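We call the chains A, B, C and D, going by the order they appear; numbering starts again at 1 in every chain.
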Amino acid sequence: MARFAWLTILLPLLGALANGFLAARRPSAKRLVSLIGPGVLLAAFAVAIGAAIEVAGTEEAIRIQLWTWMPVTERLHIDLALQLDRLSVVLLLVVTGVGSLIHLFSIGYMRSDPGYARYFAYLNLFVAFMLILVLGASLPVSFIGWEGVGLCSYLLIGFWFEVDANSDAGKKAFLANRIGDFGVLVAMFLIWWTLGTLDYAGIDATAAATLPLGGTLATVIALLLFLGCTGKSAQIPLFVWLPDAMAGPTPVSALIHAATMVTAGVFLVVRTGVLFSLAPFAMEIVAITGALTAFFAATIGLRQYDIKKVLAYSTVSQLGYMFLAVGSGAWTAGIFHLVTHAFFKALLFLGAGSVIHAMHHAHHAVGAHDDAQDMRNMGGLRTAMPWTFRLMMIATLAIAGVPGLSGFFSKDEILASAFARGDHSTVYLVAWGLGVAAALMTAYYMARLMAMTFYGTFRGGGEVEGHLHEAPAVMTGPLVVLGGLSLVGGLLNLPAVVGGGQWLEHWLEPVLAPANLLLDPLHLPHGTTEYLLLGGAILIAVVGLTLGFRMTLGRPIPLPADTPAPRGLARLLEGKYFVDEFYQRVIVGPLVWFSKTVLWRGFDQFVIDRIAVAGSARLAQGLGWLGSRLQTGQVALYVSLFAVGAVLVLRALIGG
Amino acid sequence: MQAFLASIGYEHWILHVLLALPMAALPLVLLLPVRFARWIALTVALTEMILGLGLWWAFDASNPALQFVTDVPWLEQFGIGYRVGVDGLSVMMVLLSVVMMPLVVWGSWKGIDTKQRGFYALLLALKTGMLGVFLALDMFLFYMFWELLLIPMYFTIGIWGSSNRLYAATKFVIYTFVGSLLMLVAILWMVKIVGDATGTYSFAYTHLLANSQALAPYGSWLFVAFALAFAVKVPIFPFHTWLPDAHTEAPTAGSVDLAVILLKMGTYGFLRFAIPFFPAFALSDAVGLTMATLAVVGIIYAALVAMVQPDLKRLVAYSSVSHLGFVILGIWGSTVESVQGAIMVMISHGISTGALFFIIGMLYERRHTRKIADYGGLARVAPLMATAFVITAFSSIGLPGLNGFVGEFLVLIGSFGRYPILVVCATTAVVFSAAYLLWATQRVFFNRFTNPKNEGIGDLSGREIAVLAPLIAAMIWIGLYPGPILRRTEASARQYVEMVESYLPPAEPIIANRTGGQP
Amino acid sequence: MLLGPSLAVSAILFAIGVAGVLIRRNAIVVFMCVELMLNAVNLTFVALSEVHGMGGQIMVFFVMTVAAAEAAVGLAIILAIFRHTQSVDLKSLNLLKG
Amino acid sequence: MDVVQIVFWCFAGWAILSALLCVTRANPISSALWLVSTMFSLAGIFILLHAEFIAAIQVLVYAGAVMVLFLFVIMLLNLEETPRDWNRWMFWLAGAGLSILLAAQLVALRGYSPQRLANEFSSMPSPDPGLVFPEGAVARQAVEARGVVGALAEPLFQGYLIPFEITSILLLAAVIGAVVLSKKRL
């Protein structure tokens, strides 16, 4: 079955083409589109399961050679090949699984949207590119997927392109990704010129022998790859695009900006783990950036009023956790958190989607024009939308790290490994501290979100409340499944202390072997310190949640119109540390000014056109004018010139 | 297929027919009534394409030497002969121009309504000139075709251009002409030097190449002359200001031809003439570094300037300058990968910029304006055109999976060994190209539908789809399966690099046992 | 032998003719100076023909015919100009200015 | 200095003086008449140089016909004296300077003896210097052989017949030109 893994890519691709054709020719054929879109995904999921079963059987990776992509020379001979191994199968299952759930949800969510077929075409195309990225056997092939998902996120974020803000957000997302891609490209060149190969298998085999451990080369390659990951997975320098990406439809945010695309960065780091493990300094950078992102994103999340913005910053923060894990060498913890995060974050986003959907319908029915995504207009929805409430509550508990649920296990393992790595260098301890603080804040803002949306009384006006009702079955169905997965997700990698078999650890063992060989082993805290850490984590979760609920429900929540202007720290948080404005004023603004006035007007038009081109024209004219001065019309002048000529000729003839 | 072609003695007559057919049809177009002008041009272009495509199979990819060579004495006493031939470097360019011919004619079906006979006659002359430049193996013949191109291009821009066309046309001709005059002097001087050294004064490329070491003492001046002529044509950084004007003012057919073929003559010239004739000087460190730096400066400069262009065509023109900077970087990267990449960029740039110009032309035919500000939210009114533009824009940005990426990737990875810092700077252009093209796409297609005048523009007509479909298909095909093209250019590229390598210090491997790395 | 001296005389006459053409503004007088130059040339021809054969004298013969033709046409032009500008002053005839 | 030399220098002096006066006279009539006197003096010199026929032609055609034409035109335009009709000082200076220079060079020709001319010619790859420059006083022997007019007529109508015919066409053209130019309405 694994040999047909390329079907998982082909099916969504065909789906995208079919939907695209329908979008162009018969956009109203909604039934057919809703059949093709999710249908294709479910089929891909089935194939994925088949492939997973087969991969479970073998240790090595199965390489499926489709065709030679760039047969240039013996050394640069890139094949379009897929590599199916334990790691890519995990991602494959997550992408196709969560993907199909989100496709089902979208049927309900996007039903009334005229661009229905176009939406599904883009969504299918996205899944196809994501799978190319995950299954790619070499860096360039993954790079196709890497940029392809960037393209689809550009198209999907800017889906309602009529509104300028949306298309701006799309462009911003693509450019931020592109800056990251610059890093990956240069890393590829370095890898090829040093290791002579771009295949993952080749890198794993030759990296240790060729690149000196801790050498500048390995560090530079690793950091460049990490630059790519920050672009794609929205880490500190390049995270600005993710919050704006909420301009796209909510299922898109769920699929792309929670479950799949943003995790591509983590996947790439794990996939090229050998390079990172050869550069401990780069690992520290990854860890500390992850921790910092987790901390700062969490602080911003505290003061956001738009439900999707809160979830967006929560995603950035959770991604920070994953990079913290990978940075401290715990590859499995990173992947484990990636999987569990995919479950509960997708659930949160879809839940928010059904809330927004309901609010839209209510506003539409009443003709009100308040912002359907602003939590201040909501409140007390637990009675109107019981199922959404219950499932989102499960997800909130999971993400907060309440013991027993998936979030607790994955987050705790990350913090533990960061703490363990602490004895190598204090950087990890600082990172661990930031991680713990971020965990507290995560619990707080999730509680705040639940409180403002579901508890208290509905602040959006009486008649609107009447129209609020639960989302249709096709939307709540996927929620239920995701809820179950969030509950059960922890079993994937139960830590030993709780008697678990650390199943995911063993599952990924063969793939991560080359990387782990180079790292000095991570001796996780055991005995008393371990229990202390566990206890601490539980304490944080509980304190965060109670604080969140008590603080928000305690004070009356003002409507958007009469919220007092924030001051001091609140203004800083609400304004998202003014990072966007900073980039605009310091980088984008001057660059545009420079290229317009200095380069274009100044150099191109003035220096070259005026001086060089027009200058030479004027020179020719000048010479011409000089010549004309000689024609004075005086016969005498002509004769004298003639005479001078005669004298000279005679002089030459006779003088000689 | 080869057997069939061999059976009809394809390789003996194909090159002559390709050259002669447009010229033969020229008088026809001029004499017959106006109605037939377009149709004759189209039939000629289609036959050229059908015949020309035979080259794809008849060309033997494994042998790097010149093929289909014919050497007929012409002006015997001066040693000038009608010498024509093709090899790995030029076969793809010939195929590209042959394939683009019918598209160009069909593309300007509606755009040109005045003086059609003159336009199509000039177009045919342009075709012969283009093919001639790539096929000529005799310096005199090469120069003749090189100049032959200027006149039709001048009239195409001058007569059918838009507002400020005369300035643009004159600037274009003078720029190119000044450059190529130097080349003429260099050619003559070269023939004399080689003639003195060997006794036979001949313009044959093979003859001059064979004893090019005689040229070594004068190598610097001769190379500078050749380089200037080609630099203007490429265009390399300081000599590029004619391109935006020429492109903005030219009619669609004119700017497509300009972008697809004429720009490649410069780079082809470097690969075929400038470097092989004077390798010692051309590949010395100083020259190599200056050319590569100029190329990279050109890439970044043009990308930045393109970002702030108010006019669509001017934006695409600057993007061409940026893309061709890659080709020059690839040529001086002097590894098989970078040279192959350079040729690939030449082809894929032709296709993607050609398609961009077609779409802009279609927009111009509808709204008669090229200002980005006049458009807005066209995706609602013309979804098909929006999709085509997005695909072409992304292929021009270099999205992997489309044709732009293959060439750029090979150039960058190939030249990284020789000029690591420059390649890193060139890679930043990846970001800028995304910036300016996306910004333009957004302002034209994906924002508020404000301007009522845009209401009337219909979506792509059947004809327009027929023009764009093959181009988009080619983009996806080359993007995913460039193998056959790379194979056809590999033999000659390898031969070129072997010749070049003997003059270059070995590109110092970054890690001592780098070559051992192959698993 | 009178060759040397006659050549000298013709040189002086020619020089005077040239000076006349340059200095005078009256078209007719300029014309006469041209005739004077032609006579100087005739003198040279005759002087040399005495030594080297009749070729010189035949040339003088031709020079005279040319001079006559030139005088005729020149004077006709001066007449036409005079009718037009009521003056033969060369200074005023500068229509062909650059 | 034998008698011939003295007579020659008288004629020469006369010619130069009248030439100078011809150039400098303000009144065109007087300058025309001084030109006639120059022509007469030249005719004298021609006789000394054994070119009697040419001297006669000079007096008859040149002085007689051409100068009369000049006088006729001057009279027709009744030009009165034009004092100070000299060009601006710049041209005056140029004229004087150039003519002195020209004179100095041409006088230098005096040193040219036939012998020097011959061997200069011979150094050039011409067919046969002897043919071009036969030795000695050829003019006088020809006159003795064939008489004054015959000496000139024989080469004119044998060797130079074609140029002779051409001059007739030239004169015809001149006549037509003069007629066209001077008639107001054709």
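By definition in this document, a contact is a pair of C-beta atoms (placed from the backbone, for glycine too) under 8 Å apart; a residue touches a chain by one contact, two chains touch by 3 or more.
What you see is a predicted model, and the numbers here were worked out from it, not measured in a lab.
Novice: From the Cα centroids, identify the chain that ends up most central relative to all protein Cα atoms.
Specialist: The most central chain, going by mean C-alpha position, is B.
Novice: Can you check which chain pair, A-C or C-D, has more C-beta pairs in contact?
Specialist: Top pair by contacting C-beta pairs is C-D.
Novice: Rounded to a whole Å, what is the gap between the Cα centroids of subunit A and subunit C?
Specialist: 99
Novice: Once you find the CA centre of subunit C and the CA centre of subunit D, what distance in Å lies between them?
Specialist: 8
Novice: Need the CA-centroid distance for the pair subunit A / subunit B, whole Å please.
Specialist: The computed centroid separation for subunit A versus subunit B comes out at 37 Å.
Novice: From the mean C-alpha coordinate of subunit B to that of subunit C, what's the distance rounded to whole Å?
Specialist: Comparing mean C-alpha positions, subunit C is 67 Å from subunit B.
Novice: For subunit B, give me the residues that contact two or more of the other chains.
Specialist: Residue numbers touching two or more other chains: none in subunit B.
Novice: Give the residues of subunit A that touch two or more other chains, as numbers and ranges in rising order.
Specialist: 634, 636, 640, 643
Novice: What positions in subunit D touch 2 or more of the other chains?
Specialist: Answer for subunit D, listing residues that touch two or more other chains: 87, 91, 94-95, 98, 102, 105-106, 109.
Novice: Output every touching chain pair, sorted by label.
Specialist: A-B, A-C, A-D, C-D
Novice: Report the residues of subunit C in contact with subunit A in the complex, numbered from low to high.
Specialist: For this pair, the touching residues of subunit C are 18, 21-22, 25, 30, 90-91, 93-98.
Novice: Quick check: in the complex, which residue numbers of subunit B touch subunit A?
Specialist: 171, 175, 238, 241, 301, 304-305, 307-309, 336-337, 340, 377, 379-380, 383-384, 387, 390, 394, 399-401, 405-406, 409-410, 412-414, 416-417, 423-424, 427-428, 430-431, 434-435, 438-439, 442, 445-449, 480-483, 486-487, 490, 494, 509-511, 513-519
Novice: Which part of subunit A faces subunit D closely enough to touch in the complex?
Specialist: Answer in residue numbers: 634, 636-637, 640, 643-644, 646-647, 650-651, 654.
Novice: For the complex, which residues does subunit D have touching subunit A?
Specialist: 87, 91, 94-95, 98, 101-102, 105-106, 108-109
Novice: Residue numbers of subunit C touching subunit D in their complex, please.
Specialist: It is residues 2-26, 28-29, 31-33, 35-36, 39, 42-43, 46-47, 49-55, 57-58, 60-62, 64-73, 75-80, 82-83, 88-89, 91 of subunit C that touch subunit D.
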